[in-house]
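In the two complexes that follow, chain A is the common piece, with chain B as its partner first and chain C second.
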Partner chain A sequence: MNARRETLRGWGFAAPALIWTALLFVVPFAVMGAMSLAVLDGRTLIWGLHFDNYAALTEKAYLLRAIFVSLEITVTVTVVSILLAYPLAWVIAFHVPPRWQRLVLLLTILPFWTSYVVRSYAWLLVLAREGVVNTALTGLGLTAEPVTLASTRFATVTGFVHFFVMLLTLTIYANLIQLSPNYRRAAMDLGASAFQTFRHVILPLTLPGIMTGAFLTFVLCIGDYITPQILGGNNELTVPQVIMVQLGRRADFPLASALAIVLMAIVTLAYLGFARWLRLDRV
Partner chain B sequence: MTRLNRMFLSTTILAGLAGLAGAGNAEAQDTLNALVWCDHTDAALIEPFEEAHDVRVNLREYEGTGAALALLEQSRPGDWDVLVIDGIDVFRAVEAGILAPLPDDELPTADFFPEVVMAENNSRDGTTYAVTEKFGYNTISYNAEAVDPADMQDLSAVWSETYDGRISIYDYYLPVMGLAALAEGIDTADITEGSLDAIGAVMDTMRSRAASIGGVVAAQTALATGEVDIVVGGGEWLTAVLAEDRPELTWTIPEQGAVRWSQSIGVLADSANPDLALEFVKYITGPEGQARLATSSCFWGMPANAKAGAHLTEDQKAVLRWDEQEDYLARTQLYPAPDAALDIEMQDLWLNMLQR
Partner chain C sequence: MMRLLPWLYLAAMFTFIYLPVGVLVLFSFQDGGLPVPPVEGLSLRWYADILTDRRLVDALTNSLIVAISSGAVAVVLGFCAAYALARHVLPGAALLRGLLIAPLTVSYLIVGLGLLMVMNRLGIGLSLWTAGIGHVVINLPICFAIIYASMGAQHKNAERAARDLGANEAQVVLLVTVPMLAPAILAAFFLSVTLSWDEFIIAFLLTRFDVTLPVEIWNLLRSGLSPRLNAVGSIVFLVSVTTVLVLELLVFRRRRS
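== the complex of A and B ==
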């Protein structure tokens, strides 16, 4: 009887979250799935089981290209962010005195406090032909002419990396400070070099932190519209940008929904790839 | 919880919800809800109307006719009173049955520049559903200190090798494809599926010379920061707000002509405040409202009502090129208004160009 009551109480506590998820995720997702199988005939929406929008992915080159562009940018951002965030987290965790660590972490995530849109426009000004970077390059005589940096994939990746290094630093730092120094000492005692200790002991133990941050980076980056729109100069389009174009004038919700479903499928595959290392208890 | 408690709780919640609904209705008496473009959000434009009528104007910006129509479809009848819409898309709103007829005798269209009355766009079967409120040009904006202004008079010179990498293209396919059509000698009203190869070839050239394709803010930033020296598809709406500090950023209409944009305003058929909504339309299209709308902090554009000139300063009229409008109107064409099938073809062509 008590067990039954406990079960009911458990469901009772979980009910608000379940109802919330059902109303704001499951139902909208089902509607979006149904919408992706509808078609637009002229300007009239026709419901049904049509696969035209998915077939369009193979028929319209720009749609397939958008998926590849999104994947290329997302993978680049994730890898570069990890390579920059890991040493930063390492320095904070092991080379900054404990009493200063909180302040240094605060300074690390300070850019989080500014508006995402404002930060993107700020990068546009920094990377412009007459911006800080080009002024420095030409001023130091490193380049004769300003280099095209804004409105490029480089600009998009830079804007993203600036944001996600902060996120990854937090997840990796949280993982690093949980490691007992005895692991390193034991490895060194057994004759491992500093690199071997890192490669075979520290890195595997910090994979949960890396992968959690990497997965969040992947999900947030592949679905982002603002950064590529502002910094990429529309020189190539990501999936969210193509979705927005479909909605803006023509209100092609079926095609936009199909693209959103494809985006979710990619994130699901990414989750399956990351799942082995996603251990939030270690972060 | 006892049955009585449950009843009490349910009754309280229902009473609360009813109260909220009542409050919503009461608020609707004093509020005008308008779905607009960003130029209507300037307090200098809206506050005089609010004070004169003792109401609050609730404004919601949108981008793209499709987005606006979808939003209206998902709203309850009466949620919205006024709609500002692209001049070429009024027919879509009329077809959807969302616009109310407007009384011709109460609209100041007799004072309008004749070319922008556009009865063929704003009316159907003799009934007026919207009225033009502002217009301007999608043409060539440029930095006069960085390019040869004489080159800007010829579209093919604009996207010639001379300006390779110094061009930004305005991120909206209809006006830019309209300009490409004009460069090929095709009138914007005559664009068909058969014209798209020629237009596509021009756009390929344009694209190969372009450093970026950007919306209003991005194109303005690119021109102001020297990232580019030319914006294809730009116009007074792009450079006017920069004119005071950067007079070298200017615009022209080339020999081949340019594309004209226009926006219209109408009252929604389900409006809860149709009389107030009509007053708002009359204010916006009247001389004073027109002058304020023309010089809105979001973007400038020519007022449809010629009598607005009396409320603009000489400097403002100079930036708008007031005295040249007769010539400009004669040399420009309304931007393409494709049917649904052609629209898909044009958008696909545009997206393929971007993804090249």
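== the complex of A and C ==
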């Protein structure tokens, strides 16, 4: 068979997926880019090279505020999730007997496979004024009155941390389990204390697992609408929430598009920041 | 005490991880009208209640249809692209792989927003079809990546042998390649189904009258906490978990043995 026909056949197989991605991902993305440069005059859309929407980001306080809120929440969630997930991955990798590890890991990440909506609703139940936590607190006499937990940033962060602890445990565990015990033994033999061994040997070697999980956490967290919407109430809005407000109330697609582009720019910057540690193919 | 510490931590984290799910499922059996303590006796009345609710049953059926059909389309497109790029020399292959993977790097909200604007401009009405299209866009890269990664060189020889024995291209693909890659293809399919089944924002933006279950749950949520929502939520959770367990048992167990 000649090479030309072979290549042509290859194109034939690749074509449907390529056309699909081009028409339904690349084109919409380009439309969104163009839309972010259009302006809304009353209800009519004026295309062109207007930078009004981007200028609005610096002029309107609530837009800038949303970016800060999003970043604050995302960074808090990422840090807290790492701090909780690392010891958990450690216990599973080094304390749970090897034959049970797969099962324990499977159980650890099972609730990960729940819809964002359902998971956020479940946290709302837990944190509600009459919910389980408040019932326990007042029942134990720790507080006289129920504490306001729902509709706060605390609730949003809790809901996110719950989700991302599972994800990070998985990436960190995958990294820990690959480490040869010889590293630890060598460090100990050379006189390092348990803490020094961890700080100077284990931690640097598990940085790829931490960073891969942290990057995924960052990206998924900053782009999520439903968790802050259900758990955070409307006291403060994140960027995805502001985008949805633009779509719903005012049908302001240009501003929504500009905000979406900003969100993408933040994720790209994060990627560049994380890039030196990322081993996405290894997870 | 120090020996117990790891196990205490494990127990504490499992409590944290299972607390919301536990509360969700427990209060779905609540006999009273509110899904909060105290438990006023166990009953299945809320499950019976949702089964007689047309809107919820419709949403559940819609979700299943969208998940299974979008998963099937994504897996077929992903398989063909993986076959093309792993078995044929195409100019600019690295770029093509990059293009196919690209939607993975963009948040669901942005994928949904872009598609919504295109549909609006083309005057295409929103329906389960548009939501399904959106779900194929996000699941195609995953299917492609999983199947492409499993197309090793060892399979290539079997395909060559089949070709030497006179099989035509369709026979090679359907009778040799697909059966050899069955674990990866099934894994990609089940993963797509779960992700579509759970997905909210694209379905929310791209549907109008007929909606999927997560969107319907969101609509119900506006009227506050209710044991009915717990019952629906428990069903959603159960379906996702069943799919994941099937995936684990069917695909990964077989690969190991």
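The criterion applied here is as follows: the second predicted complex is superposed on the first by the 253 of 283 C-alpha atoms of A that agree within 3 Å, B and C clash if a C-alpha of one lies under 4 Å from a C-alpha of the other, contacts with A are read in each partner's own complex, and residues count from 1 in each chain.
Following the convention adopted for this analysis, a residue touches a chain if its C-beta (ideal position, glycine included) is under 8 Å from a C-beta of that chain, and two chains touch if they have at least 3 such contacts.
In this text, all values refer to a predicted model and were calculated from it rather than measured experimentally.
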item: Dominant toucher of chain A (residue count), chain B or chain C; value: C
item: Touched partner set for A:121, first chain B, second chain C, both or neither; value: both
item: Chain B versus chain C as contact partner of A:236, first or second or both or neither; value: first
item: Partner chain(s) touched by A:78 [first = chain B, second = chain C, both, neither]; value: neither
item: Which superposed partner A:248 touches (first chain B, second chain C, both, neither); value: first
item: Touching partner for A:36 - first (chain B), second (chain C), both, neither; value: neither
item: Chain B versus chain C as contact partner of A:131, first or second or both or neither; value: both
item: Chain B versus chain C as contact partner of A:25, first or second or both or neither; value: second
item: First (chain B), second (chain C), both or neither touched by A:166; value: second
item: Touching partner for A:16 - first (chain B), second (chain C), both, neither; value: second
item: Set intersection of chain A contacts, chain C complex versus chain B complex; value: 121, 124-125, 128, 130-131, 230, 247, 253
item: Chain C residues within the chain A interface of the complex; value: 6-7, 9-10, 13-14, 16-21, 23-24, 27, 34-38, 77-78, 80-81, 83-85, 87-91, 96, 99-100, 102-103, 105-111, 113-118, 121, 133, 136-137, 140, 144, 169, 194, 197-201, 205, 214, 217-218, 221, 225, 229-230, 233, 236-237, 240-241, 243-244, 248
item: Partner chain B, residues of chain A touching it in the complex; value: 40, 42-43, 60-62, 65-66, 69, 121, 124-125, 128-131, 148, 150-151, 229-230, 233-237, 242, 245, 247-253
item: Interface residues, chain B side, partner chain A - complex; value: 63-67, 69-70, 92, 95, 165, 168, 171, 174, 211-215, 217-218, 221-222, 225-227, 339-341, 343-344, 347-348, 351-352, 354-355
item: Complex contact set, residues of chain A against chain C; value: 3, 6-7, 9-14, 16-18, 20-22, 24-29, 31-32, 35, 84, 87-88, 90-92, 95-96, 104, 106-108, 110-111, 113-119, 121-126, 128, 130-132, 135, 162, 165-166, 219-220, 222-226, 230, 240, 243, 247, 253, 256-257, 260, 263-264, 267, 271
